[in-house]
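The two complexes that follow have chain A in common; it is paired with chain B in the first and with chain C in the second.
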Partner chain A sequence: MRLGFLLARRGATGTGRGWHWTDVATWVWLICGTVLMFGPALWLLSSSFKGPAQLAEFPPTLLPYVQAEVQVEGYDDPLPLYAVTLPDGTEAELAQIRRIGINAQMVDPADPETRVTVNIDDRAPIRSIGVATDNYVTPLVQNDFLRFFGNSLFVTVMATLITLWTNSMAAFALSKYQFRGRGAVMLLIVATLMVPLPVILVPLYSVVSSVGLLNSLWGVILPTVATPTGVFMLRQYMLTIPDELLEAARMDHASEWQIYWRIVLPLAAPALAVLAIFSVVWRWNDFLWPLVVLSRRELFTLQVGLNSYAGELNVQWHYILAMTVVTMIPVVLVFAVLQRFITSGIAGAGIK
Partner chain B sequence: MTAFATRLGAAVAAPFALLARAIDLPLRGWQRLTGMGGMAAVFLAPNLAIFGVFVLIPLALNFAYSMTGGTDILLPDRPFVGADQYARLLDCADYSRAVTCREDAFWTAARNTAVFVVFQVSLMVAVSMITALILNRKIAGRGFFRAVFFFPVLLSPVVVGLIWRWILQRQGLLNLIVVNLGFDPQVWLNDRLYAFAAAVGVSTWAHMGFYTLILLAGLQAIPRDLYEAAEMDGTKPGRVFRRITLPLLGPNLAVVLVLALIRSVQIFDEAYVLTGGGPGTSTLFLTQYIYETGFASLLRNPGLAAAASILMAGVLVVLTLAQLALSRRAERR
Partner chain C sequence: MAGIILSGITKSFGPAQVIHGVDLQIAEGELMVFVGPSGCGKSTLLRLIAGLDRPSTGTIALDGRDVTALPASDRGLAMVFQSYALYPHMTVRQNLSFGLQNIRMDKAEIAARVAEAGRLLEIEGLMDRRPTQLSGGQRQRVAIGRAIVREPSAFLLDEPLSNLDAELRGTMRAEISGLHARLGATMIYVTHDQTEAMTLADRIAVMRAGRIEQVATPLELYNHPANLFVAGFIGAPNMNLFAARASGGVLSLPGGAELPLPGTPAGADVTIGIRPQHLRLAQEGEDAIEARVTLIEALGAETVVHAQTAEGQPVITVLPGQPPLTRGEALRLNFDPDEAHLFDENGQRIAR
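Up next, the complex of A and B:
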């Protein structure tokens, strides 16, 4: 507090360029915030490259290491390499054949005939920074994760395209036509902004089941596409398109559909792009609804599949972590390329 | 950025140009037949149809479900039981103790959710307010930091839950820090209090960036000259905040409060992946109760789940109306 007072005096007098205590607090907050916001994801990334043995270690290392291995004559698999302190005090690099209790049977790679037994406390693994790519390859190839990824991709792309199409048509009608009941439709759409999924979970399930979409990716897609947010956002944008443009096109005998498709849609492209980005992120991240609709494993999306693997009694963290990174990749790409666009979009619309 | 968006839009639209031309022919006929009014109907139809089937019908059906019993999922198979499900949910010997209730899981979930909402919303508003005020200052790299705080908002709740489960586990990063500070390591998520705190903290971590943006937009809309005038009058910073910033930020603050409250009451995904409702029932929240009662448990009871969801909707409506009334009064002052 006293320090703050001194700094405050310094900032307020003289050139006014000194460090006010609020400047210090600002930078402490920003730097701690950056560590807290990015740190967990970076820790996940680093952990996802560690092998199962290294993941079980405490204290954990910051970076992933791989155990050095060596091919020894007479053994089919490569053996792990250790730095060993021998009983006579000399140091040697030996390969471990197997571990028996507190002892390890070692062999000198240069002289495969002689075996040495050493206490496990006298040996330390030789490691170098490296990545356990198996964490990524095995679940994608042998487990179902490639399929989960495909399902997620299908759901995201289809839902986004349908969202853009139906929402933009509705927004066009609501912004460019005068008809009876327009206010009522608008009110209805805004009111359903307030209907969260948990509130209609049971009846929605039964509706989807009675139209035969249970255990189908379309059952995941269709209930999500008529987003009120999207209609609202696009309508607000389309209201700014001058009606004179539409009238001029009508003079030239353009059909209403052509006006929508050739004039209004291209002009609304910025708003459509924002909605597309939102929709991609929403649909990629959806969890509760797919969890309810999909019970067959081959239909799982990435989120549901990931949760199901992480819910097993014996969690295989080395696979889970790697697949969490895979699940994160598209969203991180969207973030990296379009973050400026998104943040200004939200600040402008005030909605998500 | 606008040029980019236009190009993106064009690229998305290109493959559909052909389809659009095919649709145009029958629609021209329809337009000649019905005129402009008919066209409005055509444009509205797909969205409203999906809307009706997947939002409005379920909304109406929910009341019907809440008044039926049995384990069947399709409505015609379910016997009418009147208000029995509500009676069962509300049947308590002593409302302050969940164990005395017939549906003790519901009351545990309701109490947990209430406590969660109080702590999470306060933390959320405080943290995003501070961050927004800081980002509103003239600092280097403002755009970068704005993005930094927004980053977790885009992550999926499952990813968020797993990231933090990994950090909070026995050999995790948090224990590394704790041990280095000279304390004993903990199995954080096995402790009732820590697990609850983790649910509050993690969900705040994941969503604060969104609310920060809304508040920041509000702060940037406050005219600079008001602050300059206050400075010339020698007004103290605390007073400037209370008399200029807070009142003018009112509408945005109200939006943030309403949204944070509504989402907080529905907490599910992150908490479910992080703790699974445990240890015991210490982080069991209402949405998880509805999900498990309706779908996941062996003795599933869709009617009970529907009744619980209607009670939850009632709370949401009351909260929203109260919040709107409050913010309107604040605006008038």
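Up next, the complex of A and C:
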């Protein structure tokens, strides 16, 4: 009964019994919403454990299956097992050697010498639910994805730390000091929100190139740390910190740096947490800018690394899906841990 | 000379001038109260002394040293804010220690001073709580404690009791008075409450519209107000003021009553002020002010009678005991000429 509230209805007469039309509408709406939002994520997760052949199947299956295989004498690789209906009407389990057109050459694992040719419509693969862990192991071990992961981690952590530091200092100055041109500076910063990255991509590239930061992770980090969103958000939050606290600190012989470090920063923690979440998500998911700056494979971030599986002629979906799951994990974790700050930070309560 | 000396202080915020030339000397160890209606500039003047704002013109000297250009943190003063301005993210102990850490005091010395302040203000049991977990009175004590631990040359208190309920205000008033006696430090206390001013002050500076109207001891203010504003502001209920015509020793009230009053100038429009406590019921045959009772507030030990003269001029009198009066009754009031205050056309006191 403790979960009863989840299933509570208005009921036809308002007593919770029967179905009012609003109950039906609510349930339909919520179920559709759940499917729409979680469906793709679940498909991604389950498909990341499917082999390339199963991914290409239509209709797609919900769960990942693996093809049963058998080691047959005289063949180097394990052969896939099929349930076959033979021309004489009997059923047998045969291993497939190769497929030629609409026929498949099969062999009985118990009798490797005799080959049988079967129409492909007469055979069905023998499979069981299982996971293709190879999707994960190969990219991580052989394709440098651990290194990409490290690069992404470095870029994200450094960029977030620098973002928090510089943006909070700018926000502190713009919220707590009166100076000529303060409004103009603020306006200018917010105005840069209107300029999308592709517009400044070429000039930014030549700047980064001429300071020698091409093919360096710092070339990815530094141009992204000054975010107008962050400055604006922190400033609005800091405006709610009473000036009297700063004046009390001044009376307490605190330097302006100490006021920033020991009074304003701790009090702006909810807003900083929100910006940290945003920054982690932005930097982790960055694709275009790292793609432009990084051309040496050992410097790739995860997103750029993922791109390397999408060739012109051949897209290795099984690797892309698996590595997409890996890519999502840190962001999901950050949200799970810090999400309470998002609501409290946006509400801006709990200071006084 | 030690103490605080203000000379020719003015302060403008943009085109609005809020302090119009203040000269004031505050002796060392004195408890000076700035009192006045809201918006009179008393808090601004305190902030100028604290160094939180700079005066537009004029100089401020502390202990004989010109500190006009010094920032707040270097003046060695401590301030108690109206809102207390306790650092919400720090415990009581950290709140008290913050100012001492900023002057890089020895840890043992900090602990000793904080413990001493805690003992003095009886907040030892609250040291590990945060300000949000304290009641109003406890926050007030912590705010005072934060000022005490600094051992400043002067305390500045900006309406420190205005957020407390009436009962607590009385208690804290007595404590601040006791604290001043014990520490012997200079204190400047800003309030709009004349009871606080009268009970606490060594001297009171009555302010109006950015000017000091009178500086004197509480009783001097009460007995010899320098002008109409001070006369009306100090004392409760407010002093009765009547426009009158003086003609050499006799005062003609608008109602036609003529009162002999030695020391009145000949032929001038004056204002006579009589405190409600100094009005008494007139004997038969005496010259008297005639009025009709509109409201009786019986307080037991004394009775506050609101009355109105025939011209509509309100009169308030405080009569001892419980006189048998009813609303609408005619009242004849008289006073001792020695206790009347006379003011000329410009509102200045006429010496008699």
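The criterion applied here is as follows: the second predicted complex is superposed on the first by the 242 of 352 C-alpha atoms of A that agree within 3 Å, B and C clash if a C-alpha of one lies under 4 Å from a C-alpha of the other, contacts with A are read in each partner's own complex, and residues count from 1 in each chain.
Convention: contacts are C-beta pairs under 8 Å (C-beta built on N, C-alpha and C of every residue); 3 or more make two chains touch, one makes a residue touch a chain.
Just so it is clear, the model here is predicted, and its values are computed rather than measured.
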{"item": "Combined model on chain A: chain C and chain B, fit or clash", "value": "fit"}
{"item": "First (chain B), second (chain C), both or neither touched by A:Glu244", "value": "second"}
{"item": "Which superposed partner A:Phe287 touches (first chain B, second chain C, both, neither)", "value": "first"}
{"item": "Contacts of A:Asn167 with chain B and chain C, given as first, second, both or neither", "value": "first"}
{"item": "Touched partner set for A:Pro266, first chain B, second chain C, both or neither", "value": "both"}
{"item": "Chain B versus chain C as contact partner of A:Leu187, first or second or both or neither", "value": "neither"}
{"item": "Computed vertex angle (chain A) for partners chain B and chain C, CA, steps of 10°", "value": "70"}
{"item": "Which of chain B and chain C A:Ala124 touches, first, second, both or neither", "value": "neither"}
{"item": "Chain B versus chain C as contact partner of A:Asp252, first or second or both or neither", "value": "second"}
{"item": "Partner touching more residues of chain A, whether chain B or chain C", "value": "B"}
{"item": "Distance of closest approach, chain C and chain B, by C-alpha atoms in Å", "value": "8"}
{"item": "Contact residues common to both interfaces of chain A (with chain B and with chain C)", "value": "255, 258, 266, 269, 352"}
{"item": "Chain C-touching residues of chain A, taken from the complex the two chains share", "value": "242, 244-245, 247-255, 258, 262-263, 266-267, 269, 351-352"}
{"item": "Residues of chain A touching chain B in the complex", "value": "22, 26-27, 29-30, 33-34, 36-38, 40-41, 43-44, 47, 55-60, 161, 164-167, 169-170, 172-174, 177, 179, 185, 188-189, 192, 194-211, 222-223, 225-226, 231, 255-258, 260-261, 265-266, 269-270, 272-274, 276, 281, 284-285, 287-288, 291-292, 303, 306-307, 310-311, 317, 320-321, 324, 327-328, 331-332, 334-335, 339-344, 346-348, 350, 352"}
{"item": "Residue numbers on chain B that touch chain A, as the complex places them", "value": "1-2, 4-6, 8-10, 12-13, 20, 23-24, 27-28, 31, 36-37, 39-40, 43-44, 46-48, 50-51, 53-59, 61-62, 64-65, 73-75, 130-131, 134, 137, 139, 143, 145-152, 154-159, 162-167, 170-173, 175-176, 179, 185, 205, 209-210, 213-214, 216-217, 252, 255, 262, 266, 268-269, 273, 276, 286-287, 290-291, 294-295, 302, 305-306, 309-310, 312-313, 316-317, 320"}
{"item": "Of chain C, residues touching chain A in the complex", "value": "50-52, 71-74, 77-79, 81, 83, 85-89, 98-99, 102-103, 132, 146, 150"}
